[in-house]
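The structure under discussion is supplied below as C-alpha cells; questions concerning it will follow.
Note that the chains are named A, B, C and D in the order they appear, and that numbering of residues resets to 1 at the start of each chain.
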C-alpha cells in the first residue's frame, strides 16, 4: 500500500470545507444533533459502512444533562425542517444522536476506533462582518447555538477519513469503527456510548481536537497529559414550607440543608495522590423572607487529576449531600449532569502516530508533550479501551484561531482540516496494514 | 357637645364608600401612593387642615424597601395621568408619600394622633365576576397592585373623620393630627414618619385596622396584645470570581460566605425573656458550576415579642453576617428592608375607647382582648408616643370578609367603614372635649 | 382520727435530725447510695413495710449516667465497710439502689405515693469550722461526695413519715407507697423506677424539696410551675486517624463531625408552642496537631417547657448528630445521660395540700405559686401517675440556707425537717382517711 | 592543602561517639538545651572560636512554642546540676539556648554556615535491655526527654567538624560559622535565630540529617526535594459563660466559634500552584453540659509545597479564625507555635558536595535525589541565605537505624558520625580553599 494520504486529503479538501461550513451554519447543541447525525449516518451508509445509531449506540440510562422532552422534540422538528433524513431522526428520538459506522476490511486484523464529536455550544454567534462565517454566509442560522469549539470541523474530518478508508477497504486488515459522539460540551455524551460498549472491542483508539492549546496551524501534539477527571452534579433538596414566625418547628429547611452541604463539601479532605477540586458554583433556595424554605438546589463539580481522585471527591460529595439532607430532615435528589475520566495516552500508540506524522511532512512542529489541564469526555472511551486491553491516544492538531474556544467570535484555519484528514487516515491505515 | 357621631358617620356614608372604591380602583403599592396621598392632601386642605407632606413628614434616610428611582418616577407619572394634583406629586418625589393634616381647635388641649395607612399590596386582583369590585366596576386598573388588606378603607375612614372633626373645631380643645402613612405592607413606612417626629407631641394616639382577626361586622377589639417586633434585612455579598479548576485560590467565595451566614444566623442563642425568631428565607448565589461564586444575596427576618428581643436578634444577625463576609474575604452590604417595633396598648386609653364604643351602641360584641401575633409598623408611632409620655392604642374593627387579607379575592363589608368613622370621631371628640 | 401530726413530728425530731446527720456524714453520689438505701430498707422493714429493692424497683435498661462497674463495686465495698446490711447491698449490685416501702392499711382505699431522693452531689465539702457539719462533727467522710442539696434531709423526712403512717395503719384506708429514689442529681434515676412501674397504681402522688426557691423556714409553696423537661446526651464520634500531611484522604475526621453537629444543633428551629433550649456544653476532639482527629465527644442538653417541646428538641438533636457523623463518614454512639419530663401540678391536689397546711398552723407563709425554672426528674413519676389517671403535686418547704444549693458550704435549718414530716404525714392521712 | 579528612574524622571518632552518648544520656527538649548548649559553647571557645549565645543569636519575639517560665527555670537548674557552665546558662535564661561559633580564617574569603540542631524529643526512652543505650549505660536520665531523632549525633558531628576546621584556620580563606540551633522538634527554633540574622552574611550554607530517608549507613543524598512549608497555630477563644437554660443570650459561645473556625478552615480553597494542607488536629471547649462554653482552643497546622502556598493557607487561616471569633462575639488569641519554610537546594552547591563525597570514597551509594516530604525549620536559614544571594543545601547522611525516628527505641549506627564529620569538614574546606 503506497497511498499518498496528503494527496487524498487535498482532493477532498473542498468537500470537507463545504461540509464543515454546512455544519457550522446549522449548529446543534448537546443531544439535539439530529441533522448533523443524520447527515453523518447517510454519508457513512453511502460509503458502504454498516451504520448503527440511536439506542443501538447510546445507553439511555447513561445520558447526562439531557434537555426536556419538549425541547428535544422541537429540535427534531427543526432538524427535519433543515433537511434531516426522517429515518434517522426517528431512530434518534429522545436525543440519542450518536452514530457509529463500521467498515470491515478484506482481511482479519485489529479494530481501530476513531472518535469525532458533533455538538455545538450554547452561544450566540457574533454578527460582526469581520467574522468569516458572517462574511462568507455560513454563520449560525440556529440562534443560541454556535460551533465555537470546532466540532463542526471534527465531524467533517470524520467524514473525509471515512471516505479515504472506505476506498482502501480491500487493502487493509481489520475493522474501522468511526464513532460520532453527541454532547461533548458539558462532558455529557461519551459515557452513554461508552457504557453501551461501542469501543469495547477496539484495539487502537484515537480521539482528536483541532486548535485548543496548539493554536497554530502546522503544530501537532500527541503526548497529551493532564486530563482532569470530573463529575458534574445537581442536588435538589425538598423540605416543607412553614410560616417562619408562627410555626418554625413545622418546617423542614431545605436552604439550611443546602448551605450545610456547600460548606462541608468544600471541607472534603485534600488527596495526597494529586490535585483535586470541588466547587459549588450555584445555590438557589427559598421563596419568601418569612417562609421556612422548602426548596433548594446546588450545582457543583468535582475534579481530580486521575479518575480515582475524582471518584474519591465524588463519593465524598455524594455522602455529604445526603447527610446534609438528613441533617435537616429534607429529601434530596442528586443528578449526574456530566462527567469525564482521567486518562493517559499509551506511549506506544503516541510514538506510532508521531512517526506517521513525521513521514507525512506536513507538520512544521511536533510538540514533545502538551498539558491538557481540562476535562474531555473522550476519556471515557479511552479508559474503556484500555480496560479491555487496547491502546488509546488523544491528539491535538494545531490551527490558527480567530478567537479562543467558546468565544462568540471563534473560527479556525480550515487548512487544519486537510492536515487532520491526512494524518488520521494515514495512522488508521498504518494500524490496519497487512 | 352633644353630637351624634353615628348620625354624622351615616351622613358621610355614601361619600366614604365612594372614596374607598376610588382608592380601590387606583391602588398604589408602597412608596408609590402619589395619587392617594395627593387626594388626601387636597381633601384635608379643603377642610381647613394645615397640610404637611413629602420631606416635611418623611425622613428620607429612614425609608425602607424603597423601589428604584425609575420605578418611582414611572408611578409619579401614572398618578398624574390618573388625576393627581401635580403640586403634591412634586412635593412627594422620591416616594415621600406621607401626609399629615393638623387641626388646631379653638381652645388649648391635648394633641391626638390618628394614623391611617394608604398603600396597596403587590397582587393581581381576581377578574371573577363574583368579586364585587369587578361586578360593580371598581376593580384595580393598576395591574399588579390591589387593595387586599383594606387600606383603601382606612384612608376613606380617615377623610370622613377629618370632616367630622373639622366641623367641631370650635367646640373642641387641643389639636388633631391625622397621619396618613405610606408603605405599611412590608412594614417599611412608619419608621420614616416616626423618626421625622410627626408623633412626638401626641398625647393620645390611635391606630386601627378593619377586618383582621375580628372578622365579623359589629365586632370590636381594643385590648390588642402580641405585636411582634421585627426587622427585615437583605445582605448582598460580593466576592471575586475565578475558574474553579484553574485558580480556585484566586476567588473570593460569596456563596460560602452566604451559606456560613445562614447556618450561624439560625444558631443565634435563644433569648430567655421571650420568644424570638430568625429566618433566612432566600439565598441566591453563583452563576456557573465551574466558577467560584462572586455574588450572593440572603433575605432574612428577625422577630421578637419585644423591641428589645428583636434588637438582640437583629444586632446578633448583623454581626454574624459581617463576620461571615470577613471569613471568606468578601464584601457585604446589609440593607434594612422593613421593620416594626413591639408594642403594648395603654390600658387607660383602651378603656376609654371601650366606654365610648359602648355608648355608641353600634357594636354587637366588644372583645375582652385580642392576640395580634404579627407585625404592624404602627408600633413605631406607638413606641415613640409612649417614649414621650403619651398614651397609645391600636384597635380592630370587625368586618365580614370575602376572603382573607392579602388574598386576591379580598373584599370587606363597607358597613364597617361607617362604624369606624363613628367610633374614631367619637373617641377623638371625647379626648378633646372641654 | 384526730391525730396531732405536729406533735408526732416533734416527738420524732431528734431521731430525724440524727438520721439526717448520719446521711450527711456518709454521702453517696448517684447510683452508689448503697448504705443510705440499705438503712432505708432496714428501717422500713422494721416498721412493717413490705420492702422492694434493686431490680424489683429499678429498670436496668432505663438507668442513665451510671458509673463504671468498677466504681460501683468500690462503692458497694465502701458501704459495707460503713455498716450497710450486706443483704440489701447484694440486692442493689450494679447501682440499683432504689427502695420502695409498701404499707397496706386496714381498709381498702386509694394508693398514695410519696417520693424522696437520696443521693449526694459530686462536691468536696468545705472544711471551714464555721460550717455546722464540721463544727458538729457530721461533715462528709466520703471525700468527693457531699449532701449539698438537702437529699439527706429528704431521706430522713421519708423515714419519719414512714413511722407515723405505720402507727396509723389500722385507722387508714388504702395503701402507702414510699419511693426512695437514687440519682436525682443529673436527673438520672427517676426514669428507671418510673419505667419499672412503681408509681403506676398511685392515685395521689407527692414529691417535695426543702429550701430551693422557698429559702426561709416557715414558707411553703404548693403551686409549682415551670418544670423544664430536659434530656442530657453524650455523643462519641469515632473516625480514622491519618497523617494530616501525608494522607489526609485516608482519615475520617471525628472533630469536623462534632463541629458540624454542634453548629447545626444550635440551629434547630425554635418551637412556636413555648421556649426551648439547646446547649453543646463541651466538645473534646483530637490528639495531635498533625493527625486527622479520630475521636471526638460532645456533651449536650436539650430543654423545653413541656415534655413535647423537649422531645421535639431531642429528636431533632438525635437526627442531626447522626447526620453529622454520616457527613464525615464516622461512627457515633449517643448515650442518654439524664432526663426529666415537664410537669404540671394537679390543682385539686395542690388545694388539698394547702388546706392541710393551713390547718397545721406551722407555716407562716403559703405562697400563691412558685416558678421552678429548672429540671427535676420527679416529673417522670408525676407524668406517669397522671397518664394513669392519678393526681400529682410537688411542693417546696422553706428552710433557711447557709449557702445556695450545690454550694460546698450548703447547710439548712433542720427545723424544716419537722415541719415537712408533719405536713407530709398529715396530707397522707388526709388522703387515706376513711 | 592536602588534608585527609577521613583520617582526621577517624582520629576524632572515639571522642565524637563519647560526646554523642553524653548528649544522649542528658537529653534536653526544645528551648531547654541549657547543658548541651553550654557544652557546645565551652568547646567552641576552647577551640578558639568566637562564641555568641543567648540573646546575641536568638530573637526573643520570634521564638515559637516556648515552655512556661517556671519550666524553663526548672530545666536551667537541672542543667546546672548536670554540670552546665553557669556563665552560659545565665546567658541563655528564658530558653535562648542557641549558640554560634565564628572562626575567622587567615585570609579573606567566603562565609560558610553549618547548622546543627541540638534538641531532644518529648519521649520516654525504652528500658529494654536490647536497646543499646540501656545496655551500654547511656540511656536518658532525664525522664520524658529522649534523643529519638539523632540530634545528639548532629551536635557531636558539629563539635568534631569545629575541631578539624579550627586546625586548618591558617590554611583556609574566609569565615566558618557553626550554628547550633535549639528546638527543631515542632519546627520552633530556627526562625528566632534566622530572624536574628545569624545566617545573613553566609555565602554557602549546609544543613544535614543523619538517618531519615537514607536509612542505611554509607548512603548519601544531596539533592533533597519536597520540603513542606508549614505553620503551626494555636487559637484560644474566650467568650462569656452563662447558664444555658436561664440566660443563653447572656453567653458568648467560644465552642461554636471554634467549631465554625474548624469547619471553615477545612474549606479553604485549594491552591492551583501545588498541594496544600490544613488540619485542625485538636479542639477542646467548654466546662459543663449546661453552661454556654466560654473557653475553647484549637490546634492546627497549615502546609504548602512552597513558602508562598503555605503563606496563602496561613493568611486564610488567620482571617477565618478571627472572623469565627467575631461571628460569636468572642475574643481570640492566635499564637504561632512552630513553622518552617519551603526550600530548594541550590544545584551548584549540591554538585560540589557530591563531588567532594565521591572523592572521599566512603559512601557506597550517592542517591540521584531524595524526596523529603516533611517539614524542617532549617529551611528558614536556607531561605534567608538564598534571599541574601547565598547558596544553600541540605543533605542526608545514611545510617542504619534500630527503629524509626521518634520511636522510643530509636538508635543509629555511630559509624555514620565519622562519615558525616569527614564529609562536612571536607566540603567546608573545599569551599574555603585558597
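The rule is short, and it goes like this: a contact is a pair of C-beta atoms (placed from the backbone, for glycine too) under 8 Å apart; a residue touches a chain by one contact, two chains touch by 3 or more.
Predicted, not measured: the structure shown is a model, and the values here were computed from it.
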* Asked: What is the size of the turn, to the nearest 5°, that moves the C-alpha atoms of chain B onto the matching ones in chain C?
  -> 180
* To do: Could you tell me which pair, B-D or A-D, is linked by more C-beta pairs in contact?
  => B-D
* Asked: How far is the middle of chain A from the middle of chain D, if each middle is the mean of its Cα atoms, in Å?
  -> 52
* Averaged-CA centre spacing for the pair chain D and chain B, given as whole angstrom -> 69
* Structure fact -> Among chain D residues, those touching two or more other chains are 246, 248, 253, 256, 260, 263-264, 266-267, 269-270, 272, 277, 292
* Asked: Which positions of chain C touch chain A when the two form their complex?
  -> 246-251, 253, 256, 260, 264, 267, 269-273, 292, 312, 316, 319-320, 322-324, 326-329
* Contact residues on chain D for chain A in the complex? -> 263-264, 266-267, 269-270, 272, 275-278
* **Residues of chain B touching chain A in the complex** => 228, 230, 232, 244-246, 248, 253, 255-256, 258-260, 262-263, 266, 277, 279-293, 296, 299-301, 303, 337, 373-375
